[in-house]
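Just so it is clear, A, B, C, D, E and F label the chains in written order, and each chain counts residues from 1 on its own.
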Amino acid sequence: MPVVETHLIEGYTPEEKKRLMKALTDAIRFVVPAVPEAITVLLNERPVCDYMRGGSLRTPAPALPDPSAIVMDYLRAMEARDLDRAGMHLGDRFAMVFPGTGEMTSLTQLIEWAAPRYRFVTKSYEGVEALQGEQSAIVYTRGTLAGEWPDGSAFSGIRFIDRFEVTGGKITRQDVWNDIAETKGKK
Amino acid sequence: MPVVETHLIEGYTPEEKKRLMKALTDAIRFVVPAVPEAITVLLNERPVCDYMRGGSLRTPAPALPDPSAIVMDYLRAMEARDLDRAGMHLGDRFAMVFPGTGEMTSLTQLIEWAAPRYRFVTKSYEGVEALQGEQSAIVYTRGTLAGEWPDGSAFSGIRFIDRFEVTGGKITRQDVWNDIAETKGKK
Amino acid sequence: MPVVETHLIEGYTPEEKKRLMKALTDAIRFVVPAVPEAITVLLNERPVCDYMRGGSLRTPAPALPDPSAIVMDYLRAMEARDLDRAGMHLGDRFAMVFPGTGEMTSLTQLIEWAAPRYRFVTKSYEGVEALQGEQSAIVYTRGTLAGEWPDGSAFSGIRFIDRFEVTGGKITRQDVWNDIAETKGKK
Amino acid sequence: MPVVETHLIEGYTPEEKKRLMKALTDAIRFVVPAVPEAITVLLNERPVCDYMRGGSLRTPAPALPDPSAIVMDYLRAMEARDLDRAGMHLGDRFAMVFPGTGEMTSLTQLIEWAAPRYRFVTKSYEGVEALQGEQSAIVYTRGTLAGEWPDGSAFSGIRFIDRFEVTGGKITRQDVWNDIAETKGKK
Amino acid sequence: MPVVETHLIEGYTPEEKKRLMKALTDAIRFVVPAVPEAITVLLNERPVCDYMRGGSLRTPAPALPDPSAIVMDYLRAMEARDLDRAGMHLGDRFAMVFPGTGEMTSLTQLIEWAAPRYRFVTKSYEGVEALQGEQSAIVYTRGTLAGEWPDGSAFSGIRFIDRFEVTGGKITRQDVWNDIAETKGKK
Amino acid sequence: MPVVETHLIEGYTPEEKKRLMKALTDAIRFVVPAVPEAITVLLNERPVCDYMRGGSLRTPAPALPDPSAIVMDYLRAMEARDLDRAGMHLGDRFAMVFPGTGEMTSLTQLIEWAAPRYRFVTKSYEGVEALQGEQSAIVYTRGTLAGEWPDGSAFSGIRFIDRFEVTGGKITRQDVWNDIAETKGKK
């Protein structure tokens, strides 16, 4: 039954507001087991001239981009080996850890590391989940990998999960887990 | 600068309301990059006699328990091999997948599967993250494993991540990824 | 989908507030064809010390009594020929009109007028409807009459409708229509 | 002193909103005997993109037409014997009861029934009152009838009251009471 | 931490609204020692068609002009001996009291009174403060006077304070205190 | 017509809240010329557990004391030559300026300065006005002085005005203007 009314300075697109209202709905559902139809979210956008804090008029900050969209575009660019496009999503202090690696900081490092492991790999996604962490947005993607081993034999259905930190619209960390070693060990 | 006012029927503990207000704060932060001090969340608890929906008075649903707390208690019980306590957290249609297994549905299955893999294992946690999914709350825990291989040699620092679905206060799914096979492969 | 939030000074019983919230719900339904489940009414009772109008604290007026309840008690008292109890519900400038009468101002006038018309009459109610008029609450009651004609023969199923004005908790006007003459004419 | 704030999705005309605010004002006055000047009603129309219920954006339902206006147009059409226009206001399951009739379902039935009763009849209105019932809007009209008896003699000042049910903008029931038989009986 | 939400009929300029929000902020600060950043003021301007009081639509009153601006323009006009412009700011029942005078009601009276006192005087302002009184806005200006005595010698740094009442946008009273006599006495 | 709703953490006395609501009413009247009866102020006190800012629960700051009351108590103590009580109202960096003095920082300085000027003085107040300045509350008191000159002759009706700055409940500055020199000059 909760009603959530949010006052904010105007300047957001319908898409950004929908994302915000969805996040507020889920915040309620996280604690209150109301039937969805009973959760109402209202936005009250104010012109800049109708909002004052601390005695001063304020300007609204542009909305943060959707971190899930950023991560998915990065992953698709990587799958297409479009390192330029993928790289545009990375923050200055980007770091990534893959199974068995230490921290890597560049995509070329990753390519070199992967070269002896598989000829190529494609991902099928079963879920993408995002939340707001203390410092960054966190995005989880999971699903299965398919591709070819270095010897040209095919593999598929290997589970994976990636965790991303997205800070200010840039990916600042990627952590990857998968069952490649488990599968190889059984080969 | 957003102000979030939430009206709900009274009947929640301060702890539950704090969890709700934190979730609403993070929902705002997920989209609007306001400085934290500028995000205000207000609850407006109403007596049952001050709320009507569809022409009828309503009673508030009890708050959902904290899914992170449920998962952590389950994990600690498993580490202590207290299967009774761990089992109390599982829902009727519980299923779990570990690296290289299919779906397992009971804790004894898990114990049998693990027996040839390691003598024992303990977990160090680096992060616990929760969010509300479409049907369930989702909890992610990650960190490193330490323990002994079947031959008595020790291992440590092996990365893991667990994903849980918590539905109505019960764990209904657990998915586990880790670098055990990767590490063993290098041994 | 409307949400109706009403601020008022505290001092109303749950029953009075339920009546108020029901009236607000119906006010919405009168104009907006929302499904009932989507109409939310919230009361926000304020302590006297939290409300100021025109620079002055105010005290809440006691709720008006339910005009339907007043009318029904009056009608039941009349049916039981309890003129004392019925009379307590009448305002100083009470007037009533029955089929074929001019304005009558006392219950004894009514009794005298009715004497040659029927030995007694009882009412079955099919509906009671109330609304707020410009000066008074308006209550409509309708249903059928049964009783005995002066010659001792019985009648029943004769349609009637009464309209009442209730001002400040007192009945100030009653207008009655029915099919008694129609029925008698056919006898 | 009450303040009524109503949030609704935008899409209503000033006339519809005035009718809504008036209904909300009367709902307050029905229970709280505040001086009118102290009853404030505020509407807060939201763009479609600023309202979410159950995680979904919603579209506003068009306002219900004013049931009093529908009834008055129907009555004027009947008085002018414009059965086509009158008929357009009737719902599929329309039924009506006049003094001494059973349920009639068509206007031609009514015309036939009235033919031997009076040559014509016109209505003077003293009041029109509307309220929201459980299923329908209810409209009461009352006043006096004037016209000519079958013998050509005139009558006037005969009290009447009509009750209408208006469902989804169509009249679905009409109940009529008047003093015609009373008056005729005295002739 | 207070959040002040104000509903008003639309029709105010950004400058008028800024003045209103600043006044509301100061009203909070007058009683609640919150850090300024924690005081949020929101305006909610309503179209005329979304506000009803006492069952009637209302039109917004034009904002009162800024009384400090009126007073300062009057004072600058006086300093420039532009009696026409100064006079336009005076209300019908204007009265003023200077040190040692009774009530004067016209600017020419003032000029005559001042003539033997100093050749000219200019004002340096240290502060202008305004507040809302019971009937009028009150404006205080204070600072120091400089100029020439009748004998042509210069003076400066003489403290003064003026108090103004501004009613409906017109100055209706001016009271002046200063140290001219004190200074002269020491000469 | 404005409605001012203020949300604040609970912990204020009825007297403090009345002062706050009066200040908010005057803030509206300062800009909007609504009839007083049309200005509604509502407080919405929240328990500590229903308010979060920046992700943290907050505790309310105790209300600031009424600066007018502080100033009046100080003035009455001074008139009664109760320097102890008067001194308790002074802040650490208190300074005062009287006609013809520089800055004085202690009450004994003031007493010494006044000694040759008059035997004693009493004040009649015509007005006390307070407002919130940038750093401090500002209080103005004005009226007339009566007393005895050093030669024992009486005086009365001498206009005065005092301006006070009250910071954190302590008087930090007093500026005094009056017509004593003007009056003496005429003697």
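Going forward, contacts are C-beta pairs under 8 Å (C-beta built on N, C-alpha and C of every residue); 3 or more make two chains touch, one makes a residue touch a chain.
Please read all numbers here as calculations on a predicted model, not as lab measurements.
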Common touching chains of subunit D and subunit A: C, E
Fewest hops from subunit C to subunit F - one hop per pair of touching chains: 1
Centre-to-centre distance between subunit C and subunit B (centres being mean Cα positions), rounded to whole Å: 57
Distance from the mean Cα position of subunit D to that of subunit C, given in whole angstrom: 19
Residues within subunit E bordering two or more other chains: 1, 3, 5, 7, 26, 37-38, 40, 42, 44, 51, 53
Every chain pair in contact, whichever chains are involved: A-B, A-C, A-D, A-E, B-C, B-E, B-F, C-D, C-F, D-E, D-F, E-F
Residues of subunit B that touch subunit A when the two form their complex: 1-9, 12, 16, 19-20, 23-24, 26-34, 38, 51, 53, 58, 60-64, 97, 99-100, 129-133, 137-138, 140, 142, 159-161, 163, 168, 175, 177-186
Subunit F contact footprint on subunit D (complex, rising order): 1, 3, 37-38, 40, 42
Residue ranges of subunit A touching subunit D (in the complex, touch as defined): 5, 14, 17-18, 21-22, 25-26, 35-45
Subunit F partner contacts - residues on subunit C that touch it in the complex: 7, 44, 46, 49-55, 57
